[in-house]
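Heads up, the next two complexes both have subunit A, just with different partners, subunit B and then subunit C.
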Partner chain A sequence: MAITFKDVTHVYQADGPLAFEGLSHVSFEIPTGSFSAIIGQTGSGKSTLVQHMNALLKPTSGTIQIGKRLITPETKNKHLKPLRQEVGMVFQFPEQQLFAETVLEDISFGPQNFGVDAATAKKIALQMLELVKLPASVADKSPFDLSGGQMRRVAIAGVLASKPQVLILDEPTAGLDPQGHEELMELFAQLHQQGKTIILISHQMEDVAQYAQQVLVMDQAHLVRTASPQSIFNDIEFLNQHHLMQPESTQFAQELVQKGFEFAQLPITETQIIRELLKQLGGLHG
Partner chain B sequence: MGKMIIGRYLPGKSLIHQLDPRCKFIATFIFVAIVFLANNWQTYLALTIFVLSAVLLSQVSLSFFIKGVRPMIFLIIFTVALQMLFTPGGHPFWQWGIFSLSALSIRNGLFIFMRFLLIIFISTLLTITTTPLQMADAVGAILKPLKIVHFPVEEVALMLSIALQFIPLLSDETTKIMNAQRARGVDFGDGSILRQIKAIIPILIPLFVSSFNIAYDLSIAMESRGYQGSENRSKYRQLKWHFQDSLVMLLFIVLTIILIILRS
Partner chain C sequence: MNPIISLKDVTFTYDNANKSALNKINLTVKPQQWVAIVGLNGSGKSTLAKLINGILPADSGTITVAGEKLTEQSLWNIRRKIGIIFQNPDHQFVGATVEDDVAFGLENQNMPRKQMVQRVAWALDQVQMSAFKNKAPQTLSGGQKQRVAIAGVIALQPQIIIMDESTSMLDPNGRRDILKIIRKLQQQLGITILSITHDLSEIVEADQVVILKRGIIEKTATVAEIFADPTRLTAWGLRPPFTQRLQLSLLQAGVLLTKKYQTKQGLADELWQLRSKM
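== the complex of A and B ==
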C-alpha cells in the first residue's frame, strides 16, 4: 500500500490559546513495499507524522492517500477499522500496551478485534510468538511476569498478529540490549523482504543506513528533505544544520579521508566501508 | 504533547497573575462570603463593577469566564426558577396552583442569578490566573496553623502537588495507551454498552501498571536524593507577600464596608 501526503498540516489544540503546529505543509510519497526511515530531533514531529498514517490523528488541512482510502480533515472516526488492520503501528515502548492475563490472549487481541475467530487468532498468536523468537512456554504466562525485552517482543507480536501490510515502527528497539536490537531489526528486514511496507522512526543512524531505501528528515514540524540514506549521510553540512549524526561507519570513513584515503562517496554501512577499504588496500582479489 | 493546560490556567503576566497565590485564595474566599451581604441593586452593582474590573485587569478574554458558567448553567436555571416560582409575598401577577410570579420573586431570582455569576467569575479568575502548583503551595501555606494540632500540613501539601503534577502525565499516558489499542482495532464509543465497558479494560490495566511504575520511580528518586519527610525543608518555589497583595486585602476590607453601608 502506497502512502501519499499532500500538503498536510496538523495543529494541536487548534482552538486553544496554546495552539501549535505539529506538522507544517508536509508532502511526500511512500511507495508500496519500500523501507522508509524518518529521522529528526525529539519534538520534530516524527510521531505526529506517523499517527496520521492510520488516522489516529487527522490533518487540520491537506489530504492523505493510504492505499485506496483518502483521509481528509472531514474524515469521520467511524469505519477506520479496516485501515488500522492494514496499517500496523508499533508505538514507542509498546510493552506499555500489554493488558491481558496471558501472553497468548494479548497477542490474539488485535486479530480478534478485526474479526478473526478465537481459534484462528490463537493459532496466529502461536505463530507470532515463534516469529519474534519467544519460546512457546511463555504463551500461558502473564505478560507482566516477563522481562522488559520479552514484553517488547510480545507487544510487537501483538501488532504483527493483525497481519498488516504496512508496518510503522516508532523507535522499536529503544532501550534494548544489542542482541535484542539486532534480532528485531533482522525481523523487520525479513518482513520487508516478504513485501510489507516498513516505516521506521529511529535515532540509530546505523540502522537507517543499513535498512532504509528512503529517508525523510523532519525538523520543527517541517519535512526538510526526502532522499536516499547515501545522499543524506554524505551531506555533512545538512546533517549539522538539523542536528543529526552520521552513522559510525561514515564518521570513521571521514577520519580516514583526513589520513589520505579517498572515497567517491562516503560509505554509510560497515559492509560498504570494509569492501571499499579492501579494494583500496589491495586485499580484494577477484 | 506536554503542552496541555492543566486545569484551566492561562499563562499571562497581568497584575492578577502576579499576585501571591495565598492572597488570591483568601480573597476568593472573602468574596464568596461577602457576596451574601448584597441584597439590593446598589450592592450588586458594586460587586459587578468590582468583578468586571478584576476580569479586565487579568487581561483574559471574557469568553473564558463565560465558558466557566456553562457547566453550571442547569443548576443556575433550576435554582433561579425555584426562587422565582416559590418566593411568597408581593402582589402575584401570575399564579397557577402553588406557583406564583411577583415583582418581588423576579427580583429575588435575578439576584440569585447574579450571585451565581459573580461567584463563578471570581473563582474562574482564580483558576485561570494561578497555576495548580501555586494553588497547592497556597493551600499548604494557609493550612500551616493546623500544625499546632499535629496535622501533617507539609505532607498534605506535597501529596497535593505530586497529585497535580501527575494529571498531565497520566493524561498523556492515557492518550498514548488509547492510541495503541485503537491501532489494534479497539473502537471506543462504539457498539453496545457491554462492548464499551469491555473496551475500557485494555486502557485501565496498562494505566494502572504505568502509574504504579511512575510512583515507584518517583519514590526511589526522592529517597536516593535523601528526602526525609518534609520537616524544616526550605522551598524551591518561595511565596512572597508583596505590597500589592496587602493592597488587595485592603481593597476587600473597603469593599466589605461599602457593601455594609449600601445594603438595605
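== the complex of A and C ==
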C-alpha cells in the first residue's frame, strides 16, 4: 500500500499558548512493498509523522493518501477502522499495551476486534507466536509473567495478527539484548520480503544502512531529505548539519581513507566493508 | 570503606513462576562507584534494581543500603537515598513546566518554599537546563527530557542513582550528553551509580561490571576484563565492539592480521600496511 504525504503540517495544541509545529510542510511518497527508514534527533518529528499514517493524528493542513484512502484535516474518525487494520503500528515499548489475562487472548484481540471469529483468531494467534519465535508453551501464561524481551514479542505478534499490509515500527528494538535485536530485525526483513510495506523509525544507523531502501531525514519538524542510505551516509557534511552519525562501517572506512585507502563510495554496512577490504587486500583470498 | 549497597544470599521468585528470578545473589557496591549490570533480557537485571529499591520484597537474604538494613520499617527512608531514571522520559513528567516538574519530589517532602526554589535552580543548573525552566516538558527533545528527569532525581540529593536503560531511547548525541552529566554528578557529589544497560558506550563508563545470567551473578569484572574475550560477549547480552567484529570476519576470510587490536586506529594501521605490501 503506497503512502503519499502532500504538504502536511501538524500543529500541536493549535489554540493554546503552547502551540508548536510538530510537522511543517512535509511531502514524500512511500512505494508499495518498500522498506523505508525515518531518522532524525529525538524531538525532530519522527513519531508525529508516523502517527499520521494510520490517522492517530490528523493533519492541520495538507493531505495524506494511504492506498485508496485520503486523509484530510476534515476526516472523521468514524470510517477509520479498516485503515487501522491495514496499517499496523508498533509503538515504542509496545509491551506497555498488553492487557489480557493470557498471551493468547492478547494476540487474538486484534483479529476479533476486526471481525474474525474466536476460533480463527486463536488459530492466527498461535501462528503469530511461532512467527515471533516464542514457544507455544507461553500461550496460556499471563503476558506480565514474561521477560521484557518476550513481552515485546507478544505485543508485536498482536499487531501482526491483524494482518496489516503496512507495518510501522517506532524504535522496535530499544532495550533488547543484541540477540533479541537481531532476531526482530530479521523478522521485519522477512515480512518485507513477503510483500509488506515497512516503515522503521530508528537511531541505529547500522540497521538503517542494512535494511532500508529509502531514508527520510527529519529535523525540527521538517523533512530535510529523502534518499538512499548509500547517498545519505556518504554525505558527512549533511549528517553533521543534522546531528546524525554515520554507521560504524562508514566511520571506519573514513579512517582507512585517511591512511590512503580509496573507495568509490564509502561502505555503509559490515558486509560491504569486508567485501571491499578483501578486494583491496589482494587476490590471496579469491 | 563500608559498602553502600550489599546483598547477602538474596533470592526472589515471582508469583506462579517455577524458577527463581534471582538466586542467592551476593553483591557489594562501594560508595561513589559506577557499576554496570548487564545480561540477556530476562536474566534478572530489572528485578535486582527493584529489590534494592524495595519495590519487590526478597524471599530470603538481606539487603543493606547505606548502612541500613532494608525492612518494611526502613523502606521509606531507604527510598529517599535512591533515585531512579527510567527508560522512557515521557513517563516521568507530572509538572506543567520543567521547573514544576523538578519541584514535585521536593513538595512531597514538604521542603520550605525558599529552600525549594534554590534547590530546583541548582538541580536545573547541574544538567544545563536552567534556560528551559518555564517550558512545557512535552516540547523538549528526548535528551532534554531525560536531563530534566535527572534534575528531578538529584534535587532530592540521593546517594545512589539507578539508571534503568535510561539512555536506550536517546540518539547517540543525547546519550553522550547524559553520560557526561551523570559522570560529573558522580564525581562532584559522590553519588553511586548502578546502570542497567546493553549499550557499550554506557558500559565503558563503569568501574565494575556485574554480569547476570539466569538469575545468578556469573561474573564481576572490570570493563577491560569483560572485553578481553569477545567470544563470550554475546552470551552475556553484549555485542562485541565493531573493531573486534571486523577483525574476526577478516581473520575468518584469511586475512593475516598479526595482533589483537583493540582500537580502530591500530586496526586501520595494520590494514594499511597489508595493503601497501600488495
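Definition applied: the second predicted complex is superposed on the first by the 282 of 286 C-alpha atoms of A that agree within 3 Å, B and C clash if a C-alpha of one lies under 4 Å from a C-alpha of the other, contacts with A are read in each partner's own complex, and residues count from 1 in each chain.
Assume contacts are C-beta pairs under 8 Å (C-beta built on N, C-alpha and C of every residue); 3 or more make two chains touch, one makes a residue touch a chain.
The structure presented is a predicted model; accordingly, all values stated were derived computationally and were not measured.
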Looking at the overlay on subunit A, is there a clash between subunit B and subunit C, or do the two fit?
clash
Touch check for A:Asp145: first (subunit B), second (subunit C), both, or neither?
second
So which one touches more of the residues on subunit A, subunit B or subunit C?
C
Contact-wise, after the overlay, does A:Gly175 reach subunit B, subunit C, both or neither (first, second, both, neither)?
second
Quick one: is A:Phe20 in contact with subunit B, with subunit C, with both, or with neither? Answer first, second, both or neither.
both
Considering only touches as defined above, state whether A:Ser108 meets subunit B (first), subunit C (second), both or neither.
neither
State whether A:Gln51 touches subunit B only (first), subunit C only (second), both chains, or neither.
first
Just subunit B (first), just subunit C (second), both, or neither: which does A:Thr250 touch?
neither
Jot down the residues of subunit A that show up as touching in both complexes, subunit B in one and subunit C in the other.
18, 20
In the complex, go through subunit A and note every residue touching subunit B.
12-13, 16-18, 20, 51, 54, 56, 78, 81, 84-85, 88-89, 91, 94, 96-100, 109-110, 113-114, 144, 158-159, 162
Along subunit C, where are the residues that touch subunit A in the complex?
14, 16-17, 39-42, 46, 87-88, 136, 139-144, 165, 168-174, 198, 234, 237-239, 242-243, 245-246, 249-250, 253-255, 264-265, 267-269, 271-272, 274-276, 278
Under the definition above, what is the set of subunit B residues touching subunit A in their complex?
1, 3-5, 10, 173, 176-177, 179-187, 190, 201-202, 205-206, 209-210
So, in the complex, the side of subunit A touching subunit C is made of residues 18, 20, 41-44, 92-93, 142, 145, 147-150, 171, 174-180, 203, 243-245, 248-249, 251-252, 255-256, 258-261, 270, 273-274, 277-278, 280-282, 284-285
